[in-house]
Amino acid sequence: MTETMTYREALAFAAAKEMDADPTVFVFGLDVPDHKRIFGSTKGLVEKFGPSRCFGTPLSEDAMTGVAIGAALSGLRPVHVHIRADFLLLGMNQIANVMSSLRYMSGGALRVPLVIRAVIGRGWGQGAQHSKSMHGLFGHFPGIKVGLPTSPQDAYSMLRAAIRDDNPVILLEHRWLYDIEGSVDEQYLPPLPGPVVVRQGTDVTVACTSWMTIEAMKAADVLARHGVRLEVIDIRTVAPLDETPVVSSVAKTGRCIIADYDWLYAGFSAELAARLAHHCFGVLKKPIERIGFAPVPCPTTRPLENLFYPSAVQIIRAVERLLDLDSIDLSQESFYSYEERFKGPF
Amino acid sequence: MNKGEGLRLYRTLTLIRRAEEAIRLHYGEDDMKTPVHLSIGQEAIPVGVCHVLPEGSPMFGTYRNHALYLALTEDTDRFFAELHGKEAGMGRGKAGSMHLCEPSRGLLATSAVVGTTIPLAVGAALAQAYRHLRQPVAVFFGDGAAEEGVFWESLNFACQRSLNLLFVCEDNGLAIHAPAADRRGFSSITQAVGGFRCCTATADGSDLSAIIEATRALYRDMEADKQPGLLHVSYFRFLEHVGIGEDFFTGYRQAPSDQERRERDPLIRFSSHLLSLGYHPAELRAIDVEVDDQICRSIGRARSADYPTAEALYEDLWV
Amino acid sequence: MNKGEGLRLYRTLTLIRRAEEAIRLHYGEDDMKTPVHLSIGQEAIPVGVCHVLPEGSPMFGTYRNHALYLALTEDTDRFFAELHGKEAGMGRGKAGSMHLCEPSRGLLATSAVVGTTIPLAVGAALAQAYRHLRQPVAVFFGDGAAEEGVFWESLNFACQRSLNLLFVCEDNGLAIHAPAADRRGFSSITQAVGGFRCCTATADGSDLSAIIEATRALYRDMEADKQPGLLHVSYFRFLEHVGIGEDFFTGYRQAPSDQERRERDPLIRFSSHLLSLGYHPAELRAIDVEVDDQICRSIGRARSADYPTAEALYEDLWV
Amino acid sequence: MTETMTYREALAFAAAKEMDADPTVFVFGLDVPDHKRIFGSTKGLVEKFGPSRCFGTPLSEDAMTGVAIGAALSGLRPVHVHIRADFLLLGMNQIANVMSSLRYMSGGALRVPLVIRAVIGRGWGQGAQHSKSMHGLFGHFPGIKVGLPTSPQDAYSMLRAAIRDDNPVILLEHRWLYDIEGSVDEQYLPPLPGPVVVRQGTDVTVACTSWMTIEAMKAADVLARHGVRLEVIDIRTVAPLDETPVVSSVAKTGRCIIADYDWLYAGFSAELAARLAHHCFGVLKKPIERIGFAPVPCPTTRPLENLFYPSAVQIIRAVERLLDLDSIDLSQESFYSYEERFKGPF
């Protein structure tokens, strides 16, 4: 039952599987059923399940978030999709004041089995209002689970796990991951998974979220040719956070880089760094390095956008600092740049 | 309205009123550590609406929810236990006054943030449609909530999808101390929503019979049109916004005359109505006594009940 | 409209159209790394409204802002430099297509998040009232934006405070690919806002003269009533939502017939109108040539201009 | 020109001073001009400056935030007041997508001199929807300054500095601070101030925000009687964050507690801990301890609310851990508990 598919296909496949298995599951949100299908990630759903289980909405993110909560309270399992995570800021009251707390406030009488999917990541110069990620921010509010699937298998398994979860879950999907192909075992259905070591190494631990895992793997390839072995860990579920796999890794390497796809300030990287600094005290040979967005809104122009986003190059430079290496000549390396592959308009 | 119905309605109204009078009496003892937004003057609205809608209809409300909670549950035990922060409360002491709910009786959620349960009700109505059921859903909210964007988004979506949803606007003309004229770019809420595909009706919130009648008529329209409805009910808030006192002395509004007090008090209005229909004062008095007794016992139980233990702090976060 | 005015309007319309046609021509070269939401079909709306309102009136728009930006500035240099991400762009390459502004010409802000500049315009109108000025403020937004709660909150506040604010709803009947019927719980936007204290008017967005006339009449009403106004203008979006292509083949809507194309094209409509008034074709052609020349030079400058340097990344965050 | 006044009086005084000095300053928000005057903090303004410069609004937090931004773009200096920080979640789109970025996106052409004041902190069992603080969350978005005044002098000077600042500033005021009296020098008008050492000590550094400064001072008093000297630092301005005074202090003490008034997960405490762990690497004798809200929504009932909120007792216990002290008998100590002093209903 293992098939090769893209990340976007894995998302659509997972939704279809859950909708097949459970008639209370439905998928909705702006543009969900149009011909573009949220970059293809809801493909086939409206054909197979009809417009009552896969539908668009007015532009009303605040109310639609509440609608999802109300439907979840009524025993349904809504999957609410947003083509940009930035739009979730319009639903923050429902997310942080209502969705996160209804169960607790009711002493356990209520449950909110709701999934919010939102796309993060770079497009064609999207700029400051279409580039936020905010996974740490959502995790800040107790009562919300937050995941960032990286591989097609994760996209498949985590979306299915999120839909089956009786708690609210936010999944953030980096747009550049959508094209990635991988094998997907459709029987693999664990609950929302914790951090996974995606590459073993001995010299430096790189704990990553989302697209940064791909960048870290690239950095690891380059560094391997210079005799440096990175251990790359994909966090996957950032809240609730199980940091123990990272702690174990750092116990081995003594050095750690956190490569997060967000601003550093009070982001997920800060939480993980604070926990690791605590749990790995005395084990760390050097201070933890954090890598993330530059501390400004995202600019649109090419050269500045390239400086804004974290990359394999930054990881390599941080490794050099941690290991006191000379600067590696990277001029012959080719790094991820969807400049070539990724074209506009959106 | 047959005799039994009349007495049942009188009992519910009385239960709400006496429960809140009991809160006023005991609040100063500081055992109820929760902000209370009392319903006095507003009781007839949920009593009337809940009387008309089928039992078990999903309902949503605000922090001013005592009347709605008691109209649906008549359960003063879990009510007072919650106000006292006890484990036996409906939310194990985690809800307090502003977040009462009772899903088993249809009360799905209330909220301390103005307007936030309105879209939840839309979601519950969507769930009805999703399941091809036609049980109506009702959401109660204050006039101030109609200024929040989420009300308009919810109204639009409910109308677009022809949901079986009753919006109940409890209009006391105040948002805390701010009068309607300082907040509204329209002259009436029913007129403001007039451009949407929904049915509307209005009623005097002091008159339980009128509320019942208006709700019935509106619900018939909703069924006929297969569109949502908005019931606008004006009422007089006798007390301060939050807390147990009157606040006419602060000057932002006029104290009512004695006659106005009588006219705007739904309990006085309804008992006069029953008496005029030939109900016997003794019948009503018997209910008063029985209700007071129930409340007194509930408060006693709440007082002697246990607080949640320290472990409870971390419970009820995840399913 | 005197002769000079007619030619000026024609020039502005043409400038917008040819600038966007130039974008369509060059976009595939990937030097303009920014999502473009083209105005083709919609140009007459900002041109007409800006023609009527006093020069320098504060204006706000959306990501679909090329027409508004060029109508106000006629500055293709800073426009193309910005689309090319160059230091000489109006936002030093940080704005891109979706965030154009030019405060010196009254264009205070545009935004990629639907609806978000509507309350900003209310704030600008409040600032006028605060200073006892009566310069009108205008905000342009799509029909989809009228579904966002913030539109209703803004409308309510503007009406409550009698602000001198013109809401301009540019209605193409689409939000990306979603038709109006799938999004609206009302039959028309002017009717939906009918319950608020604001003046309304409608116009055909393909007809510049009609837009000018409707704006004039509405603005007179606003001045007379001392209340805000809402101008509803329907137009045909010729291209895909974002990007440079047509997308009729995708099937979510019908391709227009040739006759429809001519009827819904504001530039064709306006030039026919001018010709029927006795303007000479050569006059118009001279403008076309001059405009093309300007655009061509601007694109050349934009291409050879410098990108911002690395330090610019950290600049412009704080004052 | 130094006068003794309460924190609430200092806030009203500061606003009046700025309104006097600058006709573009106005104060607005729900309930701002009513007879309760936001717990007294806007007292006297409507009388002195009239309803055009001090006014209430409809319940429309999203639009009103935008209105403030639009007015600021037009050259005014709005002060937008919220009686609860939780309501800011309704304005998050305007705050995070617009207010924070307009200047940057316009390449410096626009400026947004806007102040948002919001009350945080405990009331009379307010519960999950009236208890958030979120200063770290606001600081997460580059382009927003965030301050938490603790003393009446800070309330006065920081509000004046915020109003004069040409950037957007969010000030969060703990309600229990409102009653605190202190001397206020009305001439003291620095720009938004950084961390200040409010008590010198040698054994453990306690870096605090807002009310936790008061709790830390209490803990310091108790511990002083047991021979332990805490150095207490009030951060005051959390974004942009200047951590150097804390770094210097930790260089001296080698031990650090961060006592924040928020959840830990990706909150301000995480950011500061991550920075200190980095900059004080090798200097720290023990891992940094973080103290904040319990990781659940805020419950209303007394005993659980007391466990939810951080306190002097928790600071003392953390100090014991850091110094390997035996548990101090606190049964004779009396700690802050507004149970006695603070009465309902709100």
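First chain written, first letter: the chains are A, B, C and D, and each begins at residue 1.
By our rule, a residue touches a chain if its C-beta (ideal position, glycine included) is under 8 Å from a C-beta of that chain, and two chains touch if they have at least 3 such contacts.
Treat the numbers as computed from the prediction; the structure is a model and nothing was measured.
*Asks:* Using only Cα atoms to place each chain's centre, name the chain farthest from chain D.
*Replies:* C
*Asks:* Report, in whole Å, the distance between the mean C-alpha point of chain C and the mean C-alpha point of chain D.
*Replies:* Measuring from centre to centre gives 42 Å for this pair.
*Asks:* Let me have the rounded angstrom distance from the C-alpha centre of chain B over to the C-alpha centre of chain D, please.
*Replies:* From the centre of chain B to the centre of chain D is 36 Å.
*Asks:* At what distance in angstrom does the C-alpha mean of chain D lie from that of chain A?
*Replies:* 31
*Asks:* Of all residues in chain A, which are in touch with two or more distinct other chains?
*Replies:* Answer for chain A, listing residues that touch two or more other chains: 57-58, 60, 62-63, 86, 90, 93, 97-98, 104-105, 127-129, 142-143, 295-297, 299.
*Asks:* Quick one: which residues in chain C touch 2 or more of the other chains?
*Replies:* 89, 92-95, 99, 111, 113, 147-150, 153, 156-157, 160, 182-184, 317
*Asks:* How would one label the connectivity among the chains shown: line, ring, star, complete, or other?
*Replies:* Shape of the chain contacts: complete, all pairs touching.
*Asks:* Under the stated contact criterion, what part of chain B meets chain D in this complex?
*Replies:* 27, 30, 32-36, 85-86, 89, 92-96, 98-99, 111-115, 144-145, 147-149, 175-178, 182-184, 242-244, 250-252, 307-308, 310, 312-314, 317
*Asks:* Under the stated contact criterion, what part of chain D meets chain A in this complex?
*Replies:* For this pair, the touching residues of chain D are 62, 86, 89-90, 92-93, 95-98, 100-101, 104-105, 127-129, 132, 134, 136-137, 139-143, 239, 241, 263-271, 273-274, 277-279, 281, 284, 286-288, 290, 295-297, 299.
*Asks:* Touching chain C in the complex: which residues of chain D?
*Replies:* My answer: residues 26, 52, 57-58, 60, 62-76, 78, 93-94, 97-98, 102-111, 113, 142-143, 165-167.
*Asks:* What does chain C use to touch chain B in their complex?
*Replies:* Within the complex, chain C touches chain B at residues 147-153, 155-161, 182-188, 191-198.
*Asks:* Would you pull the chain D residues touching chain B in the complex into a rising list?
*Replies:* Chain D reaches chain B through residues 30-31, 34-36, 56-63, 86-87, 90, 123-130, 294-297, 299-305, 307-308, 343-346.
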